[in-house]
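One structure, pasted below without further comment.
Labels for the chains are A, B and C, by order of writing; each one numbers its residues from 1.
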Amino acid sequence: MLQLVLNYLGIAMFASSGAMVAIRKGFDLFGIAALGILTGVGGGVVRDVFLGIHPPTSIQHWPNITVAVVATAVATLAARHVIRFNRIVLTLDAVGMGFFATSGAAIAADRGASWFAAVLVGLTTAIGGGIIRDVLVREIPLLMRPDDLYAVPALIGATTYAVIDYFGPQWVGLTVGTVLATVLRLAGLVFGWRLPTGPQDLIVGDP
Amino acid sequence: MLQLVLNYLGIAMFASSGAMVAIRKGFDLFGIAALGILTGVGGGVVRDVFLGIHPPTSIQHWPNITVAVVATAVATLAARHVIRFNRIVLTLDAVGMGFFATSGAAIAADRGASWFAAVLVGLTTAIGGGIIRDVLVREIPLLMRPDDLYAVPALIGATTYAVIDYFGPQWVGLTVGTVLATVLRLAGLVFGWRLPTGPQDLIVGDP
Amino acid sequence: MLQLVLNYLGIAMFASSGAMVAIRKGFDLFGIAALGILTGVGGGVVRDVFLGIHPPTSIQHWPNITVAVVATAVATLAARHVIRFNRIVLTLDAVGMGFFATSGAAIAADRGASWFAAVLVGLTTAIGGGIIRDVLVREIPLLMRPDDLYAVPALIGATTYAVIDYFGPQWVGLTVGTVLATVLRLAGLVFGWRLPTGPQDLIVGDP
């Protein structure tokens, strides 16, 4: 039950982020909905393509995309307020990211993927939607730029899940992985953690 | 038989649009052919990846890509005329789009996908090639910008197919869905139908 | 054994090219590693998605990505030297490309794909990583621009493999295909071979 709630929460947050970017780029209503849906369920669709789940869950069953559409509609109607409550949105997004990283790893492990694959698939589930969003609006994926930590908490959450699941019950792994990824993401935002770049003098133009 | 013709017509039109974009971007002959092929069969390849058809039909069997290559060659040789006969190209493209939307839905339904999935896969088949084309040439997908209606007719065509197929014979759904999507697309072009965008004042820079 | 070496060599070269692009774009360490990995194993992952290998080999088994990570780390630490030894890097990259084109075709043929599909999958394996790299950093794929020959040698190598494998032993096809693609690529670099573009006067802006 909680898992279902976290799944929909994650999709809704990702979809809202896609919708907000689409609004700012001047997309029409179809474009806003499409970018919201692709950002919301894109990571899960890539996960299912990697795992051979045909058709991908979000395409075969209606609830995920319906949640994404509703979140997109709400974000569009309340666009000004969404921008103002940016802090709440970032927090909920961190929870969704943490859950996607660990649940993605769990789904992979349940389908017989290696632990190595489970971690990577979890990471992909958490960050895939955001990368699709950025590529479609012609931006370099936020994840790759030295702005703030997003993928590293997802990677740590998925790894934590895999380690705990190897030794103990799955639900402990899911809980600890999700909480850890979320907390690391929020701590990174609060304290402004960043990773270093390569040699500064080799950077060409603006990133 | 008619289905085969419509399939090749759709691929040829999509491939030509990819080739024309590539020519205008100054791509070399390989780049023109590659963008033509990817635009022509890209939507169908994504459809097959979603449905678990391995390898995708257009990769496994030679006719589709051959049609795309021929269309690309013709478009390249006749580039100036293609631009002049833009109205004919847009009309044939609308027919291809309509057929891809409904035939994509039909292929999904035949492989046991849910009706919900059939509609989404039909839509993906119709618009996937164009999105791949625009991402590769570093443009924001045309579909998402408020220029004219393309995806909405495809969505309506695929939905119409699914509804009719549920109650009656498949060929009626294919015919009505294809015709309806094509007519809506052309009507949208003639009458300049557009969808609204989000709040104007939130739009940043040019779309 | 040699095949394993060539596989890791190819991944390492592709990963280094991704890392160098990421460094120049000012990505942080995660972004550099991510782009290196995606460039290094991306072609193979797309190949596996097309062939229905779930999860893709590079995701399921750790060696490929580990090689990509190590190559990325070395390239980052030695970034200035990598730029200076550009000629060596281009040569090794040509070997990797040639091997990926033919080995990708061989893997496809072994899984029952048609000869037509084997050639296309080989080509995809060789050029997929580079296209993913360029799309993610918001560049028009190098392959499509009239800079130098890359995809055409890969296509010829994969085709050569398929023809030889049809008549004779697989290892001859692998060897001749790899060598031929590599030599053609290097000859193209040395002699500045280029393909023509479409009509010059239709080119809009800079490519």
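Everything below uses one rule, namely that a residue touches a chain if its C-beta (ideal position, glycine included) is under 8 Å from a C-beta of that chain, and two chains touch if they have at least 3 such contacts.
Here the structure is a predicted model, which means the values were calculated and not measured.
**Q** Touch graph across the chains, line, ring, star, complete or other?
**A** complete
**Q** In terms of residue numbering, is the interface formed by subunit A and subunit C classified as same (over half shared) or different (under half shared)?
**A** On the two sides of the subunit C and subunit A interface, the residue numbers are mostly different, under half being shared.
**Q** Just send me the rotation angle from a CA overlay of subunit A on subunit B, rounded to the nearest 5 degrees.
**A** 120
**Q** Indicate the whole-number Å distance between the mean C-alpha point of subunit A and the mean C-alpha point of subunit C.
**A** 29
**Q** Can you pull out the residues of subunit B that are in contact with at least two other chains?
**A** In subunit B, residues 49, 52, 135, 138 touch at least two other chains, as defined above.
**Q** Tell me, which parts of subunit C touch subunit B in their complex?
**A** Touching subunit B: residues 49-52, 108, 113-114, 116-117, 120-121, 131, 135, 138-141, 143-146, 151-152, 194-199, 202-204, 206-207 of subunit C.
**Q** Using the touch definition up top, name the residues of subunit C that touch subunit A in the complex.
**A** 22-32, 34-35, 49, 52, 54-56, 59-62, 65, 76, 79-80, 83, 135-138
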